[in-house]
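Just below is one structure, and these are the notes that go with it.
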């Protein structure tokens, strides 16, 4: 049994982590912190998560010094970026593995991070050691890392559907334009306290952060990396769906050299990807991609349509933002770090 | 008082028409038909529309011959395309004005219509007489027409936000990619009977008709027309929002010659448009565009962001699909046809 | 034209009042206040209410002294109880008519008010002059009043369905138990700022104020009055529906003397009531009562089932809490006060 | 490993059963049937349930004769009443255990069944052998039964909150009036095909089956049984919530002999019940009962308020209708039948 602590366990992602880990046969949750629920038992604070495994487990305050972190094999940080920046390097130094669910360690270039997050990066050396945590793309680095930067939810939805494009030379494609849509648990505050008001979300739809979303640089960085084109760029715009859970991503990718492209070859690449990867599913018809088909699962569903008249490739993908977009992939990363079967507690 | 009949008055659009016309001081509704509600009084069939103005009004069956249409000054056809194809020309010939809310008379090229609608167009001469019914773009033709082709809801959302681009030479822009999102009243069946099941819509999000939506050709036709570039094309993909009413359109437009473009000039063009047009509102910040701000109104809200790094223009717009996207613009067209103030019963 | 001011015009009820009055041919809105929107034009603050009638109208701060209230014929107070307590008597003294939408003047017994509202009643003499504002029950008093206490939303839903019971001697019935359900606009805070979080309402259902809701005493008071039994009591428990607008009330009334009761006689009483009252509709089948049938209308729909095995009468009723439960009845009361047709701007 | 078959595995309850059993360490699902999905693999038909455990599992047609049922240790019948009536007795005779999720074997008196279900009961002898499947009330009978009648969802919500009343003599209470509210998965059709239309549920609230719901007799039967008063009766009225999953029950119970009753004693009884029963939780404050606190869990949350002025006891309870109201309790019953820990795969 590996001992695990969770900082920020009371937020939407923390709660989903607790739900998943309650089924994990190799994990014992030894510590949970939450500023909102500190002092309450898990059963009292979050009655829907009450379970035998967690009998006696109560929320603590966030520790105020590294000495006050209970001994553990791994810490999940489901905390704001600035909190993760503080603790992740110290926890790693102390010999614990860390899976950071914030955005603090996803972007390798500290200057890009600082521009996107409007936050000084005070641990640039930890940045360099962090493995970007999409297992389907970066499994080997994750396996040997001490610090895993769990990917952004929009980033997972985008990158897993873009990855099969790497079967083509990078110059095949123009700049992808990504139109993302998320339920409130992926788009609003991280906790109910910070949450969006009912009357502003229900029976309403809108774009947000049109001028630029902080997940865009990490999508760009990884896309450029697997396409083998450091100059590759893209544009991402998020929207808020009047529902709780789920992300749908519609990516529009101009095909710059149609003579090099065929939809059959792309589908073959996607089929291979899905065949190789337990949590990737490839559909031939993009109309079949729906958030409810991935709800409460760790799957990423991907599909493609090629509009040959306009040389435009349309990629549609869906994930559950709290699962494959946050807690699910975090558990998948934990399984990799500890050498457990990757699907443990997930499938 | 002008006498008005409505074919298909029991569907979502027909109901909204009835709601609007109940406040119209110059209109008397003399005939309503519905296959679902035939034989029932309006008050019994649709209790939310019960009103003094409609006392005694009952739904009839659709007439089976042109002789059985009661005398009127204007007919709204809120009917399937094939029904509109049958009756619109005969009603016009009889001297009635017709506002057709189906897609039957929007596309001037019958071959394009037949491909998009998978339906033989048996009234191509009526096609040529029909005026495409977006008043802000085509007011003069509407005013003198006998047959108005009320625009598609997605088309109105798209075209009203693209129109200010006509301040630039057409070669300024590459091909727009339109990502549309609609509530169920604009995306599902036209009536509750045909409607989508609760468990398939609620807490779910998906794209549909990714291979091509029948509104795309009419958007393309009008866009090409006002840009003065017959070859101009575009791509449109719709999505279904788990809510009832409202459309948000996000348009991505590559700026092909950045040296000819400035966001200030576009905003000036949009400001002028909004200043001139009672039902167009221009916001500087696209994050402020929300479907609830246009709910139950005839407004189209438009806004722009220019990503100068990627030479990408993003246009966000919102309408109420049942109002500016259907019944509202239909009443606006009626007001134009009869010379009433354009905002009568709408503002 | 009568000149009208609205205090607290930015809340859910205030917004609905503005929507209704924009269609009222005899009313000019001369003043609106809102602590949230003070200084903003109505069009900027609430774009869905933008209209020609309100061009130039801007939100002010609440006046800080009676001298600073602009001259008007009538004031709506859509304000917290304590604010209404302060201004209503002073406005009346100044010769203005007042329709108070708070709970401040509904309960004739100040001690009962103070217990229910946990608030000292500092205007008990105004209490005695106030007319309880359900027109269908209290029209004559309203017509001659200076101060109308607009009824609570739950109270309207309950009392309009209980009123037909007055055709029987009071001893016919035992104590009614009222189970009320409301959308968030009737149950949460009065404004979006105070509103319930999306994640706490969506896909959730709960009772609230089970220990006692402040509308219970006014329902009891009026029920006792029209039943002619000062000792008559009842019990009311509210619930929160995950939607925005609408109230459904299910009332369980033991029939104490079945020999005096017949469902036919009750239905006759309800039919007569509905025949006499424009805004009351009586259905024979309670399964037909739905909040959407009254949505955006001023109707109260009522229906009854008698379980003769258990001598239990079940009354089901529905209103739109923002219309018949607040702004709609407020406009109806205004029409009565000024001698306009009662349905003006409502039907 | 016990082998389990599920008839009607494609409906809402069948899907939840599959979700739960995928975590059950002692169960192997060997057969699933569905008229809608016959011939499809589970992964294709219901992508959200795709899992390693179910690799290779496909939906069959319902068997047309008892010989065609694959060998198994237990069958779940998540089928219409008439289908369960046909197969349950034959499966039992063949030596299989059966958990019937329909209403076919819940009511011991065939005449009462036939009146409530408008269906001839052609297996009255099986009726007598069937154990009513609320473990907290009837565990011993379940343990030794071959046929378990899984309880109705409303019935579980009602009975688990009424059970602590059995600490008092039956004459303490008058007739309970139960006001139930359910999401669509508990109230509409059993499958998406039969489901309610979005536009009829969303932003709407209504009562249904006000004249009598088929769960009422089973609630009455069990209530009379544990109260030790064969004449005890009650009245139940259901309502439809615009959400998917969850039931809230508000029970109003007149206290006939207040001198025999105390809320403290009732709370003690409820505390004891909750202490004894893993899946019952007792709250002191009924305002804390919410469907989301039991969402995706097998808990029943119960709470009480006593209005001493009116001698009225109010019991509020919540369950997840698909879990404690259907699939969860079915798995709990399976665990009992096979002697597994009762919480296996549930907590």
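Details
For reference, chains read A, B, C and D in written order, and residue numbers begin at 1 within each chain.
Keep this in mind: contacts are C-beta pairs under 8 Å (C-beta built on N, C-alpha and C of every residue); 3 or more make two chains touch, one makes a residue touch a chain.
Just so you know, these numbers come straight off a predicted model, no measurement behind them.
Across the assembly, the mean Cα position most removed from that of subunit D is the one of B.
If you compare B-C with B-D, the chain pair joined by more contacting C-beta pairs is B-D. Centroids built from CA atoms put subunit C at 37 Å from subunit B. Note on chain placement: the centre of subunit C and the centre of subunit D lie 39 Å apart, centres being C-alpha means. Centroids of subunit B and subunit D (each the mean of its C-alpha atoms) stand 48 Å apart.
Each of residues 200, 202-203, 243-244, 292, 295 in subunit D touches at least two other chains.
Residues 175, 177, 179, 181, 183, 200, 202-212, 233, 235, 237, 239, 241-246, 248, 250, 252, 285-287, 289-292, 295, 305, 307, 309-310, 312, 314, 316, 318 of subunit C touch subunit D in their complex. On the subunit D side of its complex with subunit A, the touching residues are 23, 47-48, 50-53, 203, 278, 281, 292-297, 299, 301, 343, 347. Against subunit B, in their complex, subunit D makes its touches with residues 12, 184-185, 188, 192-193, 195-203, 243-244.
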